[in-house]
Structure formats: structure tokens, C-alpha cells
Amino acid sequence: MTEHLRSELVKIKREDTELTVTCPDAGPVAIEAAYDEALAVPPTLKLVQKADEQGYDAAIIACFSDPGIEAAKEIANILVVGIQEAALHVAAMLGAKFTILTPMRQRIPHKYREVRRYKMEQALASVRALDMSVTETDADPEGTKKRILEVSRQAAEQDGAEVIILGCAGMVGYAEDVTRELGLVVLDPSSVALKICEGMVDAKLMHSKRALFAKPPAKEYKGMK
Amino acid sequence: MTEHLRSELVKIKREDTELTVTCPDAGPVAIEAAYDEALAVPPTLKLVQKADEQGYDAAIIACFSDPGIEAAKEIANILVVGIQEAALHVAAMLGAKFTILTPMRQRIPHKYREVRRYKMEQALASVRALDMSVTETDADPEGTKKRILEVSRQAAEQDGAEVIILGCAGMVGYAEDVTRELGLVVLDPSSVALKICEGMVDAKLMHSKRALFAKPPAKEYKGMK
Amino acid sequence: MTEHLRSELVKIKREDTELTVTCPDAGPVAIEAAYDEALAVPPTLKLVQKADEQGYDAAIIACFSDPGIEAAKEIANILVVGIQEAALHVAAMLGAKFTILTPMRQRIPHKYREVRRYKMEQALASVRALDMSVTETDADPEGTKKRILEVSRQAAEQDGAEVIILGCAGMVGYAEDVTRELGLVVLDPSSVALKICEGMVDAKLMHSKRALFAKPPAKEYKGMK
Amino acid sequence: MTEHLRSELVKIKREDTELTVTCPDAGPVAIEAAYDEALAVPPTLKLVQKADEQGYDAAIIACFSDPGIEAAKEIANILVVGIQEAALHVAAMLGAKFTILTPMRQRIPHKYREVRRYKMEQALASVRALDMSVTETDADPEGTKKRILEVSRQAAEQDGAEVIILGCAGMVGYAEDVTRELGLVVLDPSSVALKICEGMVDAKLMHSKRALFAKPPAKEYKGMK
Amino acid sequence: MTEHLRSELVKIKREDTELTVTCPDAGPVAIEAAYDEALAVPPTLKLVQKADEQGYDAAIIACFSDPGIEAAKEIANILVVGIQEAALHVAAMLGAKFTILTPMRQRIPHKYREVRRYKMEQALASVRALDMSVTETDADPEGTKKRILEVSRQAAEQDGAEVIILGCAGMVGYAEDVTRELGLVVLDPSSVALKICEGMVDAKLMHSKRALFAKPPAKEYKGMK
Amino acid sequence: MTEHLRSELVKIKREDTELTVTCPDAGPVAIEAAYDEALAVPPTLKLVQKADEQGYDAAIIACFSDPGIEAAKEIANILVVGIQEAALHVAAMLGAKFTILTPMRQRIPHKYREVRRYKMEQALASVRALDMSVTETDADPEGTKKRILEVSRQAAEQDGAEVIILGCAGMVGYAEDVTRELGLVVLDPSSVALKICEGMVDAKLMHSKRALFAKPPAKEYKGMK
């Protein structure tokens, strides 16, 4: 998955962008619940810290639920971008409303919560599930493609969506039919985040450290090195 | 702090309630940032899991930012209550609007975010800071008392608050003047959560496991025991 | 109906709770419209006043539309709880969104209005009607049970509900299948209100009398004793 | 007061409008609380019913809190208009935001509630109090005038109000300076309601009886004639 | 179309109302896009200016998208009313929620935007399309009537609408069945605006010129006479 | 002004970006009202059309009120970006809330309207005015700098802003102190839009033409060439 993401992003990055795609060496092998996020966040934060120390201009957290994004912005002295936040804001500029596709039905309320976290619920048409696990999308590319088209059509016709956000890496690569047949814009959040992030770095933009993302007061963290 | 909380709660619990107050043995010594929360959550979740295994009826997460509440509800087979969520909902029943008091000004936007997480922003009058650190409130009880009264008065007169939520353990114990002089209701979130939780257990209430708090799919968690 | 409510509540009240269930001796025999509420309120307020004078700790208005709740809170020196307000706030803690079941379709917009009155519309999945009158639910328990299951399923699958609030006394007693088959939490507002109220009395909580529920200025009430 | 209202309205009514201004013979002598409203509503509804039976085209409830408006719309076969609802909607057409003036500070949260009832809170700049009782406004016209100007200026400069709604009969008649000095539009709700109502009757408009204002199902009303 | 509008309005105007119905001599022959509006606005503003100079009491912009309404209110010294704004506010008084009918599906998101512009989205049930062009509604009165009834029924049953706003001139004249069969109120925006406008002129109401609709600062307009 | 904008943007554009900065040859010399916008839009749209025909990848409308943005997106086959929409969305990623600075107080309600148009009002801290005309900011750089710092401080301390959006070209160039003294991020909308636009073009993003920005149906435009 890390490999796949790297190969996708390398294709679209600017020539002068130095890109490292990496993955925490501890934590859940997939993020399918708030519990998984909770365990993925501490090792992710270490990677952000490392990127900061190594002189990167920005760090992108490339999981659609943007795990640990607030904490990362607090501890980093460099720009931190979540792929969901970038995708939601770009989507809002490209059409009346957007729909998020997510693999499993069970996660729909969680996705609504996150859109509210970003205060973007007014531009949200709906969250819709493929009803396919990541394993299933991997095993059946034809079925996945068909299902994405079908759910996108429902989003457009029933919910008024004009933009589709692919809420999972396994969905990337099937967008063409959706655009051609339905006139919808399809966003791959990782790609969008990379391009927006390049622009923000150029413009020397950084999140404010005044309050919401202020550096945590120094303290003891028991049992942690 | 754990000791102090225990002694407060023991006073108001029902006689037939068996209460254990405990604290994670790892993590930050105080929670003053999203980063602190991120590191506090994994050990907190272990305590919730343990409470569940040991046959408790419910677990209360007694830090005002309700760290890990979603993850805890996912993994537990017992009722989990956050002291913030209980306080917000009870506050909304007791007056037109409520104000949350928080120690440091810097954390105000974070508090607004959390009220939005619980969809209670319409009942929120304001978040106001004492501009005193926890150390300062501990060192100066008279000053703390005066400051709580002063900020509560501003909340009432300028923001229309009728209920004050004490957003930090260090503030508990100074409420009387606020109620007598200003006609405001003052809530200590831990106490409120305990009493609401007792009632919910009696009524055999449990959060739904259908979707938002569904059990996480089984998977490997690398580097964790 | 009063008798039935008493027998239900007696089962779940705490042993040390002294409970009186009573009914105004004037007013409509059922509350199915704002007009019915308007005529039910004055005699209801007299009962609240009486409870206050007789030294009760709290009064619960046990009709789902919480008739006269603001006025009751104004005139009472004791805690007043509406069963709808208690149910809405507890529901919001137990799942992503809740649906209210109401007997007749015609009353749906009225229910939406009331959820807005309590500022809880963001947690509302939907209001759905059984399309059965109270007489019909009384006459056909099997049909009622089936209908509740059917409508709850629609609420869960189409509206994203995780909690069902039974918006009418006639619906109580059929909840088990809904929970077992659909993973939904089902709330009986009267029971919820009683348990929450017990906890609030223990915690010595009272609504603020500062403004929204301030005592009405003394005045002449013409033609009233 | 009834007399005063009549003389004001007679001046602005259309020549062909037949106008009767009347007052319930029972109930509170002033409406300053939800409790007062609760007792004023039943006799008010009788007057609406009578107007309907006597062949009037419309009934206007001329108290700013629109007491009993939903019930009145349910039972009437003629158009019923509340002076608050008419004023809020007209105000929203005449400027960016409006402020409601109310006599006593204590009633401010109640006024916010009502604006929410009409779903007009997005156009509301603020509710501000004169801090004068009705008796005081009657006794001191010069002081009242000065105070209205002062509070209107605060509403304009601090809250962005462009329209002022006079939320009490005692305030009518002092508007000129507010308009001339501040460029604000000042609305007297009774006058606005009368003119809007005349237009609606001309256009044969009637509220829908489909659901929210449907006729209450027939039933026994115990102890009532 | 101008002729048809004139004949409709003449029927319902007050006898003492002097009414001129006119049309810009430049611009698009129909308004079906923001682009069409953009080109229609400058000549429309000239007509408003002319009405002001000629001593009219008010100007009504009789196209449902209220093109140029803010600019018109800025430059005019007389009352300016948009037929959409009048219809939305009257609709909100007549039932729980309203639905706007529009000819073509493509324009639905635009209509939502406009309802938001007027801050009336909370009273909006839905926007629904006839899926008929203006040409088609002209050519097939029977089909149009049937389609309006069908779509209104969906609005009532699926979206909870109690009021239907006819968002296009071609729909006027088919309302009776909708009211009789469905209990819905049907509004023709032009008629509503005329009657509301007559009342507002009587009451000497004018929009505030303080800020939102303040006269534009004098400046050079290059290439314009 | 066009010259100044060009020199600013040339500094930050990517080397491989071919940039043309141009200005309509007709219309108001400044945009200070909806009326000015109404007259500026038709000539602006011609420039967008020309850019499209000449093979540009994107057009940026570089006036903070984004005049004609919807119409431009309708008629263009290339990406169109407004500098306000880009700034609002980027601002929302960089801090808790943002404040917009505008020259004159009178335009504040108009700015609120536009933030609502973009559905970004939940991230808005406030709109605040410098109370200086464009002429004054040009004539007094020291005073302007001082005033920007002063108003930004109010935005931060009283409204909770963490990001400042410079809502007028005359304000650009004084940001450093604001960032250093207050910890605020300051955005120049034109610069932000250029960098975001470069990224969107790279990612081959285009607004959806399905409905909101669909091509206007062909029709006659009377009196226009």
C-alpha cells in the first residue's frame, strides 16, 4: 500500500519536489475504527516529528481519516496537511456538493462526524458505502469499477453530488467512467493533498501556532521514551 | 488528583454503587493538548478493556476532553460515559445556555471543537478562560474562587449563560458563590457523569453497537502486545 | 393510562424513591394537537405547583410533547423534567443519530419543531409514523410490534438511526426485537426521565432561575382562582 | 392598551378593511412569562374561534410572543397571523439583520427561543433590553425615547442590526430619531402584521391544513364547556 | 410573457394601485443560468432607476431568481421587492416547510443557493424539477398540470412540504388540484410579491440604507453612459 | 493596480507558469457595491471567455468579491478560481477561525453574505473594517500598517481569529508584524489563489459541469454582440 501510494504520487509531484512516502512500523495494519486510529496515532506522530527534524517543508498524513492531525499540527514546526481536509476544501470549490465513498456501511456515521469536524457539512451531499471490504476491492477490479459507477450515480441523482471523493486508497484508478458518464469530478485525496501542499509550501504558508495548534506545554510523559 | 476525585465521588455515589477510581500508569501527567490526549488514549483504553473484563457495568472517562471516548465505546461491551458529554447534555436541560470554564486561554478553540463534536454548539454561550494554570489554581484558592466568580459573571452578563460547566478538576469546590450571587447553576462534570451513569445502568441502557461504536474488525496490531 | 404508567415506573424506580403518578382532572383525554396541549397545560401546571408545595424533590411531565414545560420550570422551586427532553439528550449519547416514532403521520412536522425547541436537530435522524392511532395500537399488539420493527428498520437503513425513541406510551413493550434484530437502542422516555431525574435530584441539580425560567412577576390573573 | 392598539391600527388600515380589536376577558393582565402565556392562550383561542364563526377573513394575535399561534391555526378555518412572525419575515427583507427590543433583560433568552421557533435566527442580530418595565416606559416618555435610541445604536454598531423590531407595545411612537440618526428601519409588529394580513387575504392565502396546522381530532375535553 | 404577467397582476392588484409591467429591451430572452442573469442585470437596473425617477413607490423584480436585487436596493430610493424573497417569507408563515418547483433538473443546486442567500434554508423542504422546459410547459398544458400534481405529491409525501412555490411563470394556473387533492398551499411568487408590496408601501416601509443596501460611492464607470 | 498585482504574482508564480494579468476595459474603476459588481461582471466574463479561447489552463478572477464567478464557471471550459473562495478554504485549514479585513465598515454585511455563499460561515471569526478608504491606505502606509495590526489584534483577542484574510489589494505588504506579534497567519488572496490554481491545473482538476456550473442553454441575447 505504501509502495502503491508512492508510485502514484511520484507521477504527479513537481520535479523539484523531494518526496518520501513512509509508514509507521507499529500499529494496526489497516484503519477501520476509532480504536485503530487511537493506536495508529502515536507512531504516526513520531514520523511527523522526524520529518520536522529532518528539514522537510511539510508532512502529509495520507490516511483518509486524518488520524492525529491536530496533535501533529501542534508538535510540528512545519506545515502538516491531512488528505481529507485538503480533499473536502478542494471539492467544495468544484461543484455544488460532494459525496464521500467509503468501503463499509458501518463507517458512514464516522465519516459524517469527520466532515463536521472540518465544518464542511453544508457542502456534503452524502456519504455512501461500496459495501465491499478492502480485500474485496483488491480481488475484484471489474466489480469495484462497476460498483463505484453505480454508487456515484446514486450520489448524483439522489443526493445532488457533483464531486466524488474516493475515501479509500483501494478505490483509486476507476474514476474515468464516473466523470465521462455522469459529469462528476472525482478526487483522489492523496493526489489533491500533495498538489495543494506544494502550493502552500511555495506560498510559505503555515498553520497558526497561536492557540488551536499551539505547542503543548512541556511535561513528563510517563512510561514513554 | 486521582485520590481527590475518588474522595469527591465517594461522597455522592449511591450506597449500592461499587466505585473504582483509577489512573493509567503511562502517558502524560496532565492533558493540555491534542498531543497529550493522543498519548493518553492507548493506556486509557486498556483500563476500559479491563473494566469490561472484570464485570463492571460501566466505565466513566474522567478527563474533561473525553479522550478516546469513541474508541472506548467501540471496544467495550459495557456502557462508557464521558464526563464532558454528560455535562453538556445535563447543562442543556437546566438553562438557556451554558459556558465552559477552562484554565488557559490557548485551549478555547479546542473546547469549541469538542462541543461541536457533541453537536451541542447551539446551547453553548461561550468558552471562557480563568487564565490560571492548574498549578496556580492549586496554589491560590482565594484567587481561584474570585476569578471563577468574575468569569462566571462575564459569562452570564455578556454571553447569556445560565449554567457554568467547570472544565477542569482544579475548579471544583468554589461554586457556591456563583450560584448564590448570580443565580447560575454550576456543574462538576465528574459528579454529573457518575449520577447520570448510575441512572443509565439502572435503566439497562447501552450505546448502540450498530455502526458508530461497532466493534473494530479483527486485525493485526503490529508492535503491540 | 395513568395506571399503566405507574405500574411501569414502579418496576424501575429506586427503592428509596417515593413516586406519585397522577393526572389532571380537566383537559383533553389525549394530546394530539397544539390545541390539546394548550388546554392541557393550565391544569398540568396546577399539579406541578401542588407537587412543589407538598415537598416533592422533582416533577416529571410525562407526556412526550412536554406540555407546559417552560411555564412549569418558571413557577416551580423544584426540578422539573420533561420526558422528551430527557430522552433526546440521553439518545444523543447512545448512538450517531436517533429517530422518533410517532403514531400518526400528521404530527411529524410538530415533532420536528419540538426537537428544534430543544436544539437537538443535529442528532435527529428522522421522525417516522406508525400510521396507527392509539386505539389501533391498543387493539392489535401483534400488528403494532410488527409495525414498530418495520419502521425502525427504515429509520436505521434509510436515515442512519442508531437509537429509537418511542414517542407514545402505546408503543412501550415491543422493543426487544428492534434491539436484537437491528442493533438499535430503544428508549422509553418516561423510564429514561425517571432514572435521569433520580440522579439529578441526588446531585442536587436544579434548573437556573436567572432568566429563561425566572419566576413570573406577580400580577392579576383575571377570571382565575 | 386594547384601546390604544385600536386607535393606532385604525389609522393605517385600508378603508375597506373591517377591523375589530378585542381582548380576552380572562387571563393575566400582562404577558411577561411562559406561565402568563399558558394562562392567556385558552381564552385567546376562544376569541379566534369566535372570529372564525363570525365570518372574519383573518385573525391577528397582537401580543409579540404570538401566544397560542399554532393552536389557533389548527382550529381556525381562516387565516391566522402572529405579529411576531409577520415582523420577523418583513424585517428579514429590509436589511442585513434585525434586533428585537424587549423591556426586561430577563426575557432575552425567551425571545431567542421564539426567533428559533420561526427558524429566523440567521437573520437575527441580537435581542436587547431597555431595562425598563412597561410601567416605567409609560411614566417616562422622554427617558424611553432616549433609551430606545441608545439601545438601537448599540444594536447597529455592535451587532450589525439594520432593522429594529419593537417587541412591546409601550415602545411604539419613538421611532423617528432611530431612523433619522442611525439609518435603521423600525418596525411596529402590529402595524406590519395588519398590512401583511390585508395583502394575504386579498391573495386568498391560507395556511396549509395538511399536517402542522391540521384540525385536531375530535375528542372529549374534560371539565371544559 | 410580460403581457401575460400584466394581465394576471391587474386582476389582483388593489384598485388604487397604479401598476406598470415592463421588460428590459436588452439581455437574454430567458433566464436559465447565472450567465443569463449577469447579462440581464444591467438593463434591469436601468428600469429600476427609471421607476425611482418617475416617482413610483416601489419596484418589483419579477423573475424568480431575483436578478440584481441587491444592486437595485442599493441604487433605489424606493422600496424594491424580489418575487422570490417575498414568496419564501410568506411560504414560511403558511406551513411547516415549502418546496420550490423549477422547470429543469439542472437548475436545482442554483435554487438551493438562492434559498441560502435569503437564509431560509431551514424552512425549505426541497427543490424539485418538472423536467419540462418552458417550451414544453407552453405546448402541453394537460401534461404540465399532471406533472405539477405529481411532483407536488412527492414534495408533500417524501419531503414534508406543505407549501409549493411555483418557481416559473409557465407553471401558474394549475394550482387548484394541488390544493384540493393534497391540502397544499400553492404560491405564485409574482402575485404574492405584489400584495406584500402594496402592504409595505402603505406602511411606508423601506429597506435600510445603512450598510448592506447603502448607496454606492460615486465613481467613474468606464465605457458606460 | 493591475500593474501592481502583476508584479506581486510574478514573484511567486512557478517558473513554468505563463501568467497574464489583465483588466476589463469597461466598468467601474473600483468595486465597492453590488451595483459596481453588476456592471463589472459582463466585461469580466468576456475576458474569461477570451482566456478560454486562447488556450489558458485556468482563469483567476482577482477581485475579492469574486464577481461573476458562477457565470464564469458556467461559460468556461477551463478551470475558474475566485480569489475569495481559494482564500476561505485555505484559511480554514490553517487555524481555528479566520477574520476578513475590509476597508470600509459599510461593506461588512456584504462580506458576511459572501462567506455564507461559500458555506464557510462556521469557520469565520469576524469581518472587521479598517475604516480607511483605498485612497487613504494608499496615502498613509504607516497608518495603514498600524491599523492592520490593531484590527488584527482585536480579531484575535475578541473573535478568536487565528488567520487574517486581507480583503483588499491595498492591504497587502503589511503582514509581517501581524504574524510576528500575534502569531496569526496572514493571507493575500491573490497569491493564495495563484498557488492553489497551479496545483489544481497540475492535478487536471476542473469544476463539474453537471448542474450548478452547466453551460447555459443557447439563446438569443438581445442588444448584445
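Think of it as A, B, C, D, E and F in the order they're written, each chain with its own count starting at 1.
The rule is short, and it goes like this: contacts are C-beta pairs under 8 Å (C-beta built on N, C-alpha and C of every residue); 3 or more make two chains touch, one makes a residue touch a chain.
Predicted, not measured: the structure shown is a model, and the values here were computed from it.
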{"item": "Intersection of contact partners for chain A and chain E", "value": "C, F"}
{"item": "Any chain in contact with chain C as well as chain D", "value": "B, E"}
{"item": "Proportion of interface numbers common to chain E and chain F (over half same, under half different)", "value": "same"}
{"item": "Copy-to-copy rotation for chain A and chain B - C-alpha atoms, rounded to a multiple of 5°", "value": "180"}
{"item": "Longest centre-to-centre distance from chain A, chain (CA-based)", "value": "D"}
{"item": "Centre-of-Cα separation between chain F and chain A, whole angstrom", "value": "27"}
{"item": "Rounded Å distance, chain B centre to chain E centre (Cα mean)", "value": "51"}
{"item": "Chain A-chain C separation of Cα centroids, rounded to whole Å", "value": "42"}
{"item": "For chain D, residues that touch 2 or more chains besides their own", "value": "96, 108-109, 113, 119, 160, 162, 210-212"}
{"item": "Pairs of chains, among all present, that meet the touch criterion", "value": "A-B, A-C, A-E, A-F, B-C, B-D, B-F, C-D, C-E, D-E, D-F, E-F"}
{"item": "Residue numbers on chain A that touch chain F, as the complex places them", "value": "12, 14, 81, 85-86, 89-90, 92-96, 118-120, 122-123, 156, 160, 162-163, 182-185, 187, 191-192, 195-196, 198-200, 202-203, 205-213"}
{"item": "Residues of chain D defined as touching chain B within the complex", "value": "108-109, 112-113"}
{"item": "Residues of chain F that touch chain B when the two form their complex", "value": "96-97, 160, 162"}
{"item": "Chain D contact footprint on chain C (complex, rising order)", "value": "25-30, 32-39, 41-43, 45, 68, 70-71, 74-75, 105-110, 113, 116-117, 119, 210-212, 214-217, 219-224"}
